[in-house]
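Presented sequentially are two complexes of chain A, the first with chain B as partner and the second with chain C.
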Partner chain A sequence: MSTPNYTHRITVQASTEHLSEVRDFVASYATKHGVSSHEVEDIRLAVDEAYTNIIKHAYQYDDSRFVEIVMGSEKDEFWVSLKDNGKSFNPTEYPDPDVEERIKKKERGGVGVYLMKKLMDRIEYHKHDGTNEIRMIKKL
Partner chain B sequence: MKNFSINHRKVQSVDILELNGELDAHTAPQLEDHLKKLIDENQYHIVVNCDDLDYIASAGLGVFMAYIEDIRSLGGDIKLTNMNDKVYNVFDLLGFPALYDILEKEEEAVKQFQQGSNS
Partner chain C sequence: MSFKVSERYNCVIIEFKGNVMGGPDAVELNDTLHELIEEGKKNVVVDLAKVKFMNSSGLGMLIGGLTTMRKAGGDLRIANPTDKIESLLVVTKLITVFKHYESLEEAVNSYNKEEGEEEEND
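And now, the complex of A and B:
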């Protein structure tokens, strides 16, 4: 016996201009579905990092492109997927950064994926028919 | 939509940047502009007061990562103060407390700069 899980989806233009709107949208959905405020904050930041990576790496700041965000919750987990049709980037293969070394080299960035991994319980990457999907799962 | 602003003031010779709102990939360039301007003006004693900073993403941390070496090599520092727990947690996840001077209060940071320049 299975009942369809309630999911929610939005499609947003790939621009940093929409970052706070995306964060608030995901946070308000998670809050409504009983996710604790501490966990909502983790999810908010992980989604910000994933969406920012798509803007930068998958679409290279082409704001005519779109990102689809789908999320849902089941009894003991909350999941959120971000889908794009840009350049592939598999965060699960991205090495953990040495922050001290990066600072010495005056390199910024490269820490967003690490944050996503720390904040969420599981990160998956799927590619199908030119669509990249990053799925992040938080156990509740 | 305006969800971030910076207020710049001086306490004696120390430059204070008060961050207000949400620091992310969209708003980080504003912080970068302020830091660049201070470096151009040879002002290297910088305190970033995070009292009204509600949120930070890695793009915001990236700005601190990009400029700290330059500022320290010029004899200065960026000291971060008055963070709420949520913001501190993000710095902590990335190991920043071992690499940056993060203090409870702005006054302590100012005092440290003053003691340093008098010695």
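And now, the complex of A and C:
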């Protein structure tokens, strides 16, 4: 499948202007490493949601801050990590939304984290020395 | 994203194109829907055939449009969802919330059929 422990990284400004660049970068790397096109689409959307959450919640739209994106594939897994130094936001503790109920109450949001969990096989959150890391894993 | 508004029989077709990600597009769509409501046009079909990518904010925009139209006594129906978008609707369970059709014709006809039934009942 790919070279074990080989990783690839980029650092981008936290701005929605870079969303498509981030999505394409991750998708291109995943494709090169043998991830199927269907799974690449899942990863593309999960990364879009995770990166958007950092912009909104960790950095609260401060586009002078940065997000580091690291990807790798090992054995039968593809993983992608997004790292920031903003406000902690642990998506693994976020409850799944009741979408129909949200529509009735006209509430927005909460669907992004739910999608990340559904599209990927595992989501991990780590915090070390002020850095938040969201690691999303897809089994291949 | 860009969208194009056209009319066919008794409904308005809004064709989305590109990346559907909410933000300023949501405001523009909302304004368009309110203009349509003021003109008495309450049957809307959103054609998704040319959508390349949609995220949760894009879904939020569709939900916003749906509630606006239903509140006004109309509806917002989906036509031509790509496989990707259909699976997104399934995962989020929104597939049960939107009336959705595999072609534009079917979506347009769904309104015609209802009008016909209403006339029969009169």
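The rule is simple: the second predicted complex is superposed on the first by the 136 of 140 C-alpha atoms of A that agree within 3 Å, B and C clash if a C-alpha of one lies under 4 Å from a C-alpha of the other, contacts with A are read in each partner's own complex, and residues count from 1 in each chain.
FYI, a residue touches a chain if its C-beta (ideal position, glycine included) is under 8 Å from a C-beta of that chain, and two chains touch if they have at least 3 such contacts.
This structure is a prediction, so every number in the text was calculated from the model and none was measured.
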Superposed partners chain B and chain C on chain A - clash or fit: clash
Partner chain(s) touched by A:17 [first = chain B, second = chain C, both, neither]: first
Which superposed partner A:84 touches (first chain B, second chain C, both, neither): neither
Chain B versus chain C as contact partner of A:111, first or second or both or neither: both
Chain A: partner with more touched residues, chain B or chain C: B
Which of chain B and chain C A:55 touches, first, second, both or neither: first
First, second, both or neither for A:39, with chain B first and chain C second: neither
Doubly contacted chain A residues - partners chain C and chain B: 16, 19-20, 23, 41, 44-45, 48-49, 52, 99-100, 103, 106, 108-109, 111-112, 114-115, 118-119
Chain A to chain B touching residues, read off their complex: 16-17, 19-21, 23, 41, 44-45, 48-49, 52, 55-56, 99-100, 102-104, 106-109, 111-112, 114-115, 118-119
For the chain C and chain A complex, residues of the former touching the latter: 19, 21, 23, 53, 55-57, 59-60, 63-64, 66-67, 84, 88, 91-94, 96-97
Parts of chain A lying in touch with chain C, wherever the complex brings them together: 16, 19-20, 23, 41, 44-45, 48-49, 52, 99-100, 103, 106, 108-109, 111-112, 114-115, 118-119
Interface residues, chain B side, partner chain A - complex: 1, 3, 22, 24-26, 55, 57-59, 61-63, 65-70, 86, 90, 93-96, 98-99
